[in-house]
Amino acid sequence: MHSFPDHLLKGHANFMAGRYAREKDRIRDLAEEGQTPTTMIIACCDSRAAPEMIFDAGPGELFVLRNVANLVPTYQPDGGQHGTSAGIEFAVKALGIANIVIMGHGRCGGIKAALNPGLKPLDAGDFIGKWMNMLGELPDQLVQNDLMTAGERQTALERISIRNSIRNLRTFPYVAALEAEGKLAVHGAWFDISTGELWVMDSSGDFIRPDF
Amino acid sequence: MHSFPDHLLKGHANFMAGRYAREKDRIRDLAEEGQTPTTMIIACCDSRAAPEMIFDAGPGELFVLRNVANLVPTYQPDGGQHGTSAGIEFAVKALGIANIVIMGHGRCGGIKAALNPGLKPLDAGDFIGKWMNMLGELPDQLVQNDLMTAGERQTALERISIRNSIRNLRTFPYVAALEAEGKLAVHGAWFDISTGELWVMDSSGDFIRPDF
Amino acid sequence: MHSFPDHLLKGHANFMAGRYAREKDRIRDLAEEGQTPTTMIIACCDSRAAPEMIFDAGPGELFVLRNVANLVPTYQPDGGQHGTSAGIEFAVKALGIANIVIMGHGRCGGIKAALNPGLKPLDAGDFIGKWMNMLGELPDQLVQNDLMTAGERQTALERISIRNSIRNLRTFPYVAALEAEGKLAVHGAWFDISTGELWVMDSSGDFIRPDF
Amino acid sequence: MHSFPDHLLKGHANFMAGRYAREKDRIRDLAEEGQTPTTMIIACCDSRAAPEMIFDAGPGELFVLRNVANLVPTYQPDGGQHGTSAGIEFAVKALGIANIVIMGHGRCGGIKAALNPGLKPLDAGDFIGKWMNMLGELPDQLVQNDLMTAGERQTALERISIRNSIRNLRTFPYVAALEAEGKLAVHGAWFDISTGELWVMDSSGDFIRPDF
């Protein structure tokens, strides 16, 4: 006996009858030969922002790390257990990935928590609070700006945070080195969970819609 | 100008013309009303094991954390920045999730690294090595078992690791409390990236195929 | 003899042969019976943001005041010559307008000047500088926020300024009174001169795209 | 939610499907590269006298300031907030405009108010009254002339006012200097909102129809 959720079993049966049946050969080859994705996506856990959905990506295409609010810490080789750093290291060193995309999204609960520390049911003293501390004083500076609406501050911090993560990502020596050699590109993106639009970061740090 | 990868832009255009066009109303409602997923999946970054693919899940259904080898640490309220713990806390406290699934998979690169410390191009002294240390002496004990093939040891550790993560997950006080109250269920699953099969953990810790 | 610019004469000939010829009766009636527009637009002088173009509006439809950066001052019955206030008064009192729209736009030169006082060839001591002083310390507060890109600060101030103008508009006693009676509605809008999109202000002050 | 007027949303949809769709490339270039209009029009807010309609002008062609009765004050560098002067300054200094056109029109409500101070629902003590005071004693002198009909006095003042605004415009030192150098031309025009005709001012100050 098992108590595995029914909706997951049904979903898996759909997968077997659908994509797996259609792409069986490719999926088996991928298993046999190993994955060779060219792109890593660092995304949020949010159920509305799955990279595979947003980029209509199939098996083998995207190496995906997802944490709360898609944050990247600075390079801290201190012996601690850094999950995000381990993912980046694996992608760059073991998989030789060519692109890393930090992908934020609208109405992000983690960013909201950072702008509203201690907002119930969360508690600033908990893991979320400490995790979002990775943004340092960025949220505080923004909260002081009462000229912007709550929604504008949220979008602003979502984008500021992506730029911050990109800066942090470049503190990894191998990321910086490969980027300098033109072998690795670092990108920012922001997904609008309502309109479905993808805004990508240009060289000035601004987010634009490339499909417009 | 931007240099965003073309394959991602094309994929996004497919998403807009496909799923977004078909499910626009539901996606907009999800943005407006907020996400209410009932299930959290803790999965691996592997490009062949996306939870949304495996469970044929649409927007809003799964809250997904992905790290290397789908590991969960023990509860360590030490002030450090624990990304996986932050994700669990957010899922349980902010979203009131009913199910947490630790989902491992076959041919996992992180597990392989744990069984082969220092295997190039990775380095045991790097983030991956330290991250996989979360498994403690489990890999060593297995490596000493030369009765099993390398493939068997790999599958074994993939499953041992899932059981270990479930034990760690239960060290979170609110997880244990809610599970005791019957309000939260913790599950294990192992995905065969070659056959597409899903093996779920039963009450004894064994992995079985529910569809057989 | 006259030296009137040729491109204007040619444009006028096009108007006569085109719209005037087609809508002659309506245009003559409008002249005879007087204008009865229901909407006033307060817009910028920018050549890329003509309200009649944006709203595809014909003769008689929009009462349009245009100044640099579409600013509205507070109600100052001090005997001075307040052009924008005179326009508002005429629209509300003489025409009985039902809607006033403050319409800003992207890449606004006036807003840019406010964020970069003294930027050549303008001079903070000149009329533009004094005119943009209507925003008070809003630009300064934003300039201190170096977390946002120059482009983001510009868009932010364009929208902050619209909200500020709406607040100022409500200091006109008759505007406030008619709005309270439900006889006059005040709106904010922001036009994207690149994508052509119209973002309208919702009740929280946020700008959204109603056509999405 | 928003309550933005439906007729404006429909008009904007027409714009997007019409002109924007046809001229997208040009409009985008204008956004990207900045506006470079060669002509500034100072016109009235009247809904029947939009410069873009009269001159059949597209995006980027005309820098347009619109106030009640298209008045230009004298140069008053007194630290006050002079909206019209700010617009002129921006056009001349920042955009390097080559032509400024003061465009009046028939049946102008502001001119009518100047000829009938205190005419209900307006009040001479209000903003309109003070704004029209820019004409000084010109209306009074005309009112005393009972040889002309009310309609003749109205047309006369509309034209007198244009000549007055041109005189005032020339009190701006940079306008006078550039005009003397032949780099800036100042024009007067009067639009007949009934017949659609454009009357332009010749060197004697008379208004003639160039197309006759």
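Each chain gets a letter, A, B, C and D, in the order it is written, and its residues are counted from 1.
What we mean here is this: contacts are C-beta pairs under 8 Å (C-beta built on N, C-alpha and C of every residue); 3 or more make two chains touch, one makes a residue touch a chain.
Just so we're on the same page, UniProt names per chain: A, B, C, D = Carbonic anhydrase.
If you're wondering where the values come from, they're calculated on a predicted model, not measured in any experiment.
Would you identify the groups of chains that remain joined by contact if chain A (Carbonic anhydrase) were left out?
B | C, D
In this assembly, which chains make contact with chain B (Carbonic anhydrase) and also with chain C (Carbonic anhydrase)?
Shared contacts of chain B (Carbonic anhydrase) and chain C (Carbonic anhydrase): A.
Could you classify the chain C (Carbonic anhydrase)-chain D (Carbonic anhydrase) contact as same or different, where same means more than half of all interface residue numbers appear on both copies?
same
Can you tell me the C-alpha superposition angle of chain A (Carbonic anhydrase) onto chain B (Carbonic anhydrase), nearest 5°?
Fitting chain A (Carbonic anhydrase) to chain B (Carbonic anhydrase) on C-alpha atoms yields 180 degrees.
Which chain's C-alpha centroid is most distant from that of chain B (Carbonic anhydrase)?
The chain lying farthest from chain B (Carbonic anhydrase) is D.
Rounded to the nearest whole Å, what is the centre-to-centre distance of chain C (Carbonic anhydrase) and chain D (Carbonic anhydrase), using the mean of the C-alpha atoms as each centre?
That pair's centroid distance is 15 Å.
Please report how many Å separate the Cα centroid of chain A (Carbonic anhydrase) from that of chain C (Carbonic anhydrase), as a whole number.
40
Between chain B (Carbonic anhydrase) and chain D (Carbonic anhydrase), what distance separates the C-alpha centroids? Give it in angstrom.
That pair's centroid distance is 66 Å.
For chain B (Carbonic anhydrase), what residues touch not just one other chain but two or more?
Counting only residues that touch two or more other chains, chain B (Carbonic anhydrase) contributes none.
With chains as vertices and touches as edges, which is it: line, ring, star, complete or other?
Its topology is that of a line.
Give the pairs of chains that touch; include all such pairs.
Those chain pairs satisfying the definition are A-B, A-C, C-D.
Quick check: in the complex, which residue numbers of chain D (Carbonic anhydrase) touch chain C (Carbonic anhydrase)?
1-5, 7-9, 11-16, 18-20, 24, 27-28, 30-32, 34-35, 37-40, 45-48, 50, 52-68, 71, 73, 77, 79-91, 93-94, 99, 101, 106-107, 109-110, 113, 121-122, 126-128, 130-134, 185, 187, 189, 193-194, 196, 198, 200-203, 208, 210-211
In the complex of these two chains, what residues of chain C (Carbonic anhydrase) are touching chain A (Carbonic anhydrase)?
Listed in rising order, the residues are 138, 141-142, 145, 147-152, 156, 159-160, 194-195, 204-206, 209, 212.
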